[in-house]
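In what follows, chain A forms one complex with chain B and a second complex with chain C.
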Partner chain A sequence: MVNENGQLYTIEGVAAGLILLLTAYFVVNSTSIYTPGDTHISDMQLEVIGADALTMMDTAPNATGKSPLTQIIESGNADGFTSMFLSTANATTGERQDTIQFQANLTYVRSDDSINSTLFARSARPFTGTEHAVHVSRWVILEKNLPGTTGDRHAALVEVLLWRD
Partner chain B sequence: MARLNDDAQWIVLMGFIVSFSLFFLAILINQSTVVGQTTAEAVSEFPKNDIRGVREVIIASESITDTTEKERVQREIKILSLSRQNAAVDFSAKSSTTHTYIDIHYNNGVAAYNETYTTS
Partner chain C sequence: MASDTGTLSIDFLAGFTIFMLAFIWVATMIPGLFLGIRANTIDYDAVAYRTGVILVEDPGAAGTVAFGGPQGKFPWELQSEKVDVARFGLAVSRETPNILDRNKIDRFFCTTAFTYPDDYHAKAIFGDYPYRFNISLKYEGQEQVQSVGEPIPDNYGYIRRDVKVKQGSNATIDKAVIKEFKYNNTDTASRHDFSIVLNNTRLLYEEVRDPAYRISTPTDRIMINITDLDETRSNKNVPAKSTGLPSGYNLSAVTFSYLPLGQASRIPFTPPAKYAAFVYEDGNATPVSPPVDVRNNVTLVFEPGFFKNINTNSQIYINLTFGLRSEDTFLNNTLTSPYDYNYTATHLTSPSLHDGVLEVAVW
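For the complex of A and B:
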């Protein structure tokens, strides 16, 4: 004969199990709202690509010559910067190009110690502020008088925001 | 039937065991999502490129021959580091008969870097 005693205990056990399952479900569900770690990894890679591109552009052909980056900034050649940066940053193995876009600012100190940061060059798509961009910068010493400064030699920062389109 | 019914206690026990084990599994899954994020954040927060950049430009500025220009450029490096890279940078150079020693100090609140660079 089937013993039908203790059914209430069974129901209580199942109910407790369900409540705990629900708690576990809510715990797992609430953590998935957290920013996934993967976005930071791709940010890191994009930062490395940008820094490497600027380093390549800032490498002089010989010990006495100026680097292409310094020459481009000194002559204000925005188109030269755009084509060189894009071809370096977007180069991939094979024919297909990567889809990196950028905006570069030139930042320097005026003679009254205020900071001037002006747009130097940018890619075809303008920066709207909603892109998930990373920031890289490169120091240059320019042999040129910049607007608002005295003297012909200045330290300046080339600051580049870059993002994948 | 007035006595306490203590049948089917093993079902209650099973219920507890299953739910507790699931709870601990949930904690494990919870932790594993954070692990990748914190490592990637730690790497992107460390100012590797900033330190390399400022180090290079300080060494390059030391080879400027004109004293006025050199002082101006080095002052600009300190101002730009503070305002654009959130880093307190200080450096000074001592010269001996054969070498120049540059003391470089960098601190952005997260990482501090100190070096004495010797020119060859």
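For the complex of A and C:
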């Protein structure tokens, strides 16, 4: 004999099924697939620009002269570094300049084998730590004593953190 | 109180059918997830990066297998047929990334020599997908942008490279040089010849070996300005124009020869026909070929490739003959020694590097 006593079970079953499907629909629809290429492209571009800027600053104007980067580090010319790095890294072929900011550290080994790392130069906006920055570096050979060193020639590491404003 | 007496025997079948239909519907949506993902859109940035590296860090390559073997003797920018260009590359050499050659740049951006997009795609972009692109280069401090390609759309792959562009060398032989080296001390000379020597062995392999800074006679632009001709002349017996004779000092001929290493006599040399016009008289903007009527200044410009057929261990001699009366004291070094075009020469500007920026956009 058929009666309507089990109706509620059926309705519950259908409702549960619909909720399940709806959930599956939303999950599948909202998933976007990241490829390995997508994730680090902007970092790679920024890194190329930073490395190029340091390379160009470390290129001497003629066969016998010193590179501008070496001269700047030897003379401690932080303003010179800032303006040269920003103009090189922010140059584009279009009308608008890029908005790269940076912070540069100079690291070298003192005569007593301790490592000295100091802030050398930075752009107008200070580095707070929340920026999505990339790191580039370049070794330079200095023919001048830095504080705490003796001798003729020293290797110093110029490390630059750069990010887009 | 609820009981399950209302359950039909086909309830399970109906429920399962609904579930299966819905499940199939969801499953058919899954391929749609990947609809926006195609290999070529993912690699726009990668292709731009690769093209940037090819252009900035590679000197390019010449030669095809199909057309009589590699033309590897000359770099790609000196090939007259575009089929002989295998790969573009703007770097001066493999050892000098980011240092670009001015002549390669000018040739690369010459859209009459190469067609967009086919030639650029085959020799710089590569790949099977017909990418569209825009490559541009700007010199720092200049407004002009050299570019090839289409206007850039909203979505594209991109790379930017900072570069330096090597410029050609030039020398100015003015009154100071003429007096210092006694180039007009020619009382006993029978005719007025002035010679210039470019010693390839010295220029390429001795003082400056770095390709970024050296004077490379086969591939660089070489410019020689000779000025103050009038001022350094003593007897002003210039034939007047009205006599029908050539006026001015009439640079009647410029001849070339070279002395290979270890040989005793010079071998005459004729530059390729496309370089026949290389003399700029008195500041004119258009070059002409000798004989040329010059007044006070003359500039000789040897474009890249002018000396490409001369072996790089030879000395190149350039001889200027002026059609002037021999009794006039004039620019003449037949009794002294040729003007040596080298890094330490007086009033010589060695190749210099100019800042620039190169951008590649691919879509």
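Here, the second predicted complex is superposed on the first by the 127 of 165 C-alpha atoms of A that agree within 3 Å, B and C clash if a C-alpha of one lies under 4 Å from a C-alpha of the other, contacts with A are read in each partner's own complex, and residues count from 1 in each chain.
One rule holds in what follows: a contact is a pair of C-beta atoms (placed from the backbone, for glycine too) under 8 Å apart; a residue touches a chain by one contact, two chains touch by 3 or more.
For clarity, every value in this text was computed on a predicted model and none was experimentally measured.
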First (chain B), second (chain C), both or neither touched by A:T130: neither
Just to be sure I read the superposition right, which of the two partners does A:A91 touch: chain B = first, chain C = second, or both, or neither? second
On the A-aligned overlay, A:G6 touches which partner chain: chain B = first, chain C = second, or both, or neither? both
Could you look at A:T23 and tell me whether it touches chain B, chain C, both or neither (first, second, both, neither)? first
By the touch definition at the top of the document, which applies to A:P61: first (chain B), second (chain C), both, or neither? second
I'd like to know which partner A:I49 touches here: chain B for first, chain C for second, both or neither. second
Quick check on the output: what are the common chain A residues between the chain B footprint and the chain C footprint? 3, 5-10, 13-14, 17, 21, 24-25, 28, 31, 35, 37-38, 41, 44
Spell out the part of chain A that touches chain C in their complex, as residue ranges. 1-10, 13-14, 17, 21, 24-25, 28-29, 31, 33, 35, 37-38, 41, 44-45, 48-49, 52-53, 55-56, 59, 61-63, 87-89, 91-94, 98
Residue ranges of chain C touching chain A (in the complex, touch as defined): 2-8, 11, 15, 18-19, 22-23, 26, 29-30, 33-34, 37, 42-43, 45-46, 49, 52, 97-99, 136-138, 140, 145, 147, 158-164, 207-208, 210, 212-214, 343, 350, 352-353, 355, 357-359
The residues of chain B that touch chain A in their complex are 5-9, 11-16, 18-20, 22-23, 25-27, 29-30, 33-41, 43-44, 49-50, 53-54, 56-57, 60-61, 64, 66, 68-69, 72-77, 79-80, 83-85
In their shared complex, chain B is touched by residues of chain A numbered 3, 5-10, 12-14, 16-17, 19-21, 23-25, 27-28, 31-32, 34-38, 40-41, 43-44, 47, 51, 107-109, 113, 115, 117, 136-141, 151-157, 159
